[in-house]
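Okay, so chain A shows up in both of these, paired with chain B first and chain C after.
Take a look at the complex of A and B:
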């Protein structure tokens, strides 16, 4: 287990190097002059030269690449050209917002998708199955941002129930939240703000997980050992819980792991629809502002998150795969 | 005696007959004709196929009307025949661009009314913020969506298949290098990668298609590699190698065709995904540039008018939904047809 972990971490190093290289070259290819962004359209020659020297922009590409790589390895992602703050600080400022959004939408997705998929497989070709399959099909076929727009139209504009913009952090100071005096008020407001973005971002994951859960369960329920258990007279619900469910979770975990990057992409759209100041909007704004350091920093951060996610997924196989644990138990 | 003989004969022959049928079934479970037969039996897959056919037909007509007729109109021969851009829309349908003197913006669908007036059957689904007919813009948007879906998936499929097949066939360091490369592309959120790519090279549709195509390479290369790893151990590959067939030909003629079934399924589903991604890109302002219409861009425009004219936000989403459902239904049908395990 330990040696496997070490090997996976070592394998991740070239991937991280690749991410840094791709982002560096891609951001370098974005047209525009960072100096003019910082100093305005027509800076004096001395000012421009000073800025270039300060940020090392007067050096050739490979020198800048090596320097940047050295900085990244030390955990320094540089300084945002537009905001004038360190990139890591900017990330830490925006990250909680996006994390809150991701955690709540994945909770929503898994809490609905897993029961839905299992029931769908158990009642195959019955009305429940048909309904859940149609829901899942719609979910993977609908653009998430459109769901967001429809929710805003229905629940904010017509029913006037939920706020259409922004997120409130549940741990925010009550004094800073409008109309809130106690912790409870803040929690309620935060919940109200979170419902629509959660559904917007979570629907796709919900649908994708439902589909894979259903097909994985169906496949496992067709296995010989399930038939054997049935022949021995083991109850159907016991088979479902003890024999089928656990074995069916491997492909589900793979999909959830891979959905993580897709969700980060989806967060860009969700944050745009609801005007939430999270990582997704930060990165789009950085690209639009030609804020090179910020683009590279955030992309590398996303990449690192994904690489860690993949390693955790692989490690969880070893934990969940019954072939590993059966040996110890019996 | 005689009866028992005939009985046993019957049993034998019936045994043989059953065995024959089984063999035939196993034999016919691979191959195109069996797949097509399964699709024909699957009503949902047929619905998907019907949706795709209708959407592709609309896309072709829109392409002829907007692009080809515009080109032909430059030649007097065609101009004399009355060929001009938007000929189809102008004659058969409503006006693609409004008469500037009579712009009626944000009209609702024909059967409703809103603060800007009552809907008319001149504009069945209403008009947008500039008074352009929404139905006609959806019609031209179909071309963009279908084009983007097919081309970007084709890019991803061709390169992904080649990379995955080479990696799986050779193994060793080539495998490691190529698959780490694919993993790298996969690790950056695709939307961010495509937007950065488009910011670097250009904001229009061509780069959206190429960008989305590149980001889908890992999907295909991982998929086919997992198949190739087992196919390369098959006897016929060994035989081809022993007969001195060059690696390039083995990969192109034997390895890829024998590992292609899951790729085909994935490609069908991926077209839907690509349409969704490009709609998202257009929504963020990366993609087809105005005044050319795309569904994502229409949704982006509609954001400013959700309160007075909610219908404006509804239609483009429905168009995307229907199209993507079509590809998902066909993809699911293909998967069931190609993978009998799940089917029965």
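Take a look at the complex of A and C:
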């Protein structure tokens, strides 16, 4: 297992290198001149030249590439042209917000989808199954931003129950949170802010996982080893919990891994709908401002998240299925 | 259970599958018995209903299949039993064990099963020892440590080298033959009175098959467990079984002791099965496969179900359906379901016109002339 982990991590290095290279080339190919954005429509020639020299834009492409690569390896993603701050600092500021959103929506999705899928499989073709399948089908076919807008209209404008904008970090200082005096107040406020974005982002995941959980369970319940367990007097609930469940999670993990990367895209939309200052809005602002250092930095960071997602998927796979790491040991 | 009652008695068992295309009568009135310490074979082509018959005994028939009639008695308990209700409908009898009782008292504990495919029968994500131990704990009421010891002993018994070391290995680290040994260990470790082996050697190569058969014979002699051995291979039957039931399209068409079945064959289908056994003195090209494919059990042929393929079929075979009857009462009764046994069936076979099936393919000329009248 350890050598497998190390190998998977090492294999990720060339992938990351590829991501950095492609990001760099694509960003360079974006039409528009960052200098004109920084200095306004008609800068003087000297000003423009000075800026170019300052950011190294006067050098040929390959020199800039090598320099950039060297910086990235050292963890330096450059400076945002728009904010004037280091890109990494900007990312670190926004990252916890997006992470909170992702963790919360995945917790919501998995906590509902796994039991729903299992029950659906167990009561195949019975009313419970039909209801859960219809819900799941609606979930995968409804755009998340639309769900978000509906929630805002219903719960913020009409019912006035939940806040429509922003996220509050549960660990925020009570003094900095409006109307909060204790830690408990902060937690409650944070929860209220989190509910709608979580549902908005998590519904798709929930629906997708429910569907795969159901079909995976149905498939495993048909396996010979499940029949064997039944023939040896093992009770149905033990079969569901033990003999079938673990195997069924293999395809589920693959889907969760894919959803994780898709959810980054979903986070951009959700953050926009709820005006949350996370990574998603950061990347949109970077693109709108042609803040190319920031575009590259956030893109590379999204790429890194993707790679980590894939590695985690593979490792969970190996953890569940002993056949994956087989052949590693001598 | 009275002294002369067999260990297992299956009477007129009927299992049907309700599919969109129609009702498949997979098991259509099958009767047989298993005595203590006996190995009873159920043999036939795939689709004959032999596996369904086997799983019906444990009431493990899967949707859309259902046991619709007949009786299965085991050690004085009614595993399957139907009676006619007031409205004429068949309904389950009161003494028929509940599902909970089947699970708690019968499955594994009294009747264990070995499946065909050793590669698929073990759960890939749990250790071999763990799976064995779990079944022992459930079926012998042993605690974890005792069950583990029992599991290790049993693995040694079935010829797994270094069982202590292999205990924590996963199924994929075992070969097919070794996995089948593990499954045999599972069955024996639960100390059942009856083991149903459903084509347990079909997926194995011939050498390994031989080893497994030897192993089962040794262990059977030692533990005196009864077996129902489901197979399509007459060679396996010859090697291991005491008595045999030959199944065709949901029916038992011949039932006899092994030596009687082989040397005094009473049904043309059995004869054809015997002809299809590879023998050392024949090359593969010379094998006699049975002519034609088995018809579907949705719409079985009228009369004798074998008549479209039977080289001896005559007009009467299309009309009269032969149930198996005792055709030779010497020693253990030999039952057959073929109208050629005129003295038993009295359907006028020899006076009926031949259907001419024998011209369709090459059939054994000896058998054909034999059928021409010497039995009359």
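One rule holds for everything that comes next: the second predicted complex is superposed on the first by the 321 of 330 C-alpha atoms of A that agree within 3 Å, B and C clash if a C-alpha of one lies under 4 Å from a C-alpha of the other, contacts with A are read in each partner's own complex, and residues count from 1 in each chain.
As a working rule, a contact is a pair of C-beta atoms (placed from the backbone, for glycine too) under 8 Å apart; a residue touches a chain by one contact, two chains touch by 3 or more.
The structure displayed is predicted, hence computed values, not measured ones.
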**Request:** State whether A:55 touches chain B only (first), chain C only (second), both chains, or neither.
**Result:** neither
**Asked** Of chain B and chain C, which one contacts the greater number of residues in chain A?
**Response** B
**Request:** State whether A:140 touches chain B only (first), chain C only (second), both chains, or neither.
**Result:** first
**Prompt:** Looking at the overlay, what does A:274 touch: chain B (first), chain C (second), both, or neither?
**Reply:** neither
**Message:** I'd like to know which partner A:247 touches here: chain B for first, chain C for second, both or neither.
**Reply:** second
**Asked** Just chain B (first), just chain C (second), both, or neither: which does A:14 touch?
**Response** first
**Partner chain in contact with A:83 - chain B first, chain C second, else both or neither** = neither
**Item:** Contacts of A:228 with chain B and chain C, given as first, second, both or neither
**Value:** second
**Request:** Using the touch rule from the top, collect the residues of chain A that touch chain C in their complex.
**Result:** 223-225, 227-235, 243, 246-247, 320-323, 326
**Fill in**
chain B contacts chain A in the complex at 180-181, 183-193, 195-197, 199-201, 272, 276, 279-280, 283-284, 296, 299, 302-303, 306-307, 310, 313-314, 316-317, 320-321, 324-325, 328-329, 341-342
**Message:** Help me check something: in the complex, which residues belonging to chain A touch chain B?
**Reply:** 11, 14-15, 18-19, 22-23, 26-27, 29-31, 137-138, 140-146, 149-150, 152-153, 157-158, 215, 218-219, 222, 258, 261-262, 264-266, 268-269, 272-273, 283-284, 287-288, 290, 295, 298-299, 302-303, 306-307, 310
**Message:** Quick check on the complex: what are the chain C residues that touch chain A?
**Reply:** 58, 60, 62, 103-104, 106-109, 112-113, 115, 117, 120-126, 134-135, 138-139, 170, 172-173, 183, 186, 190
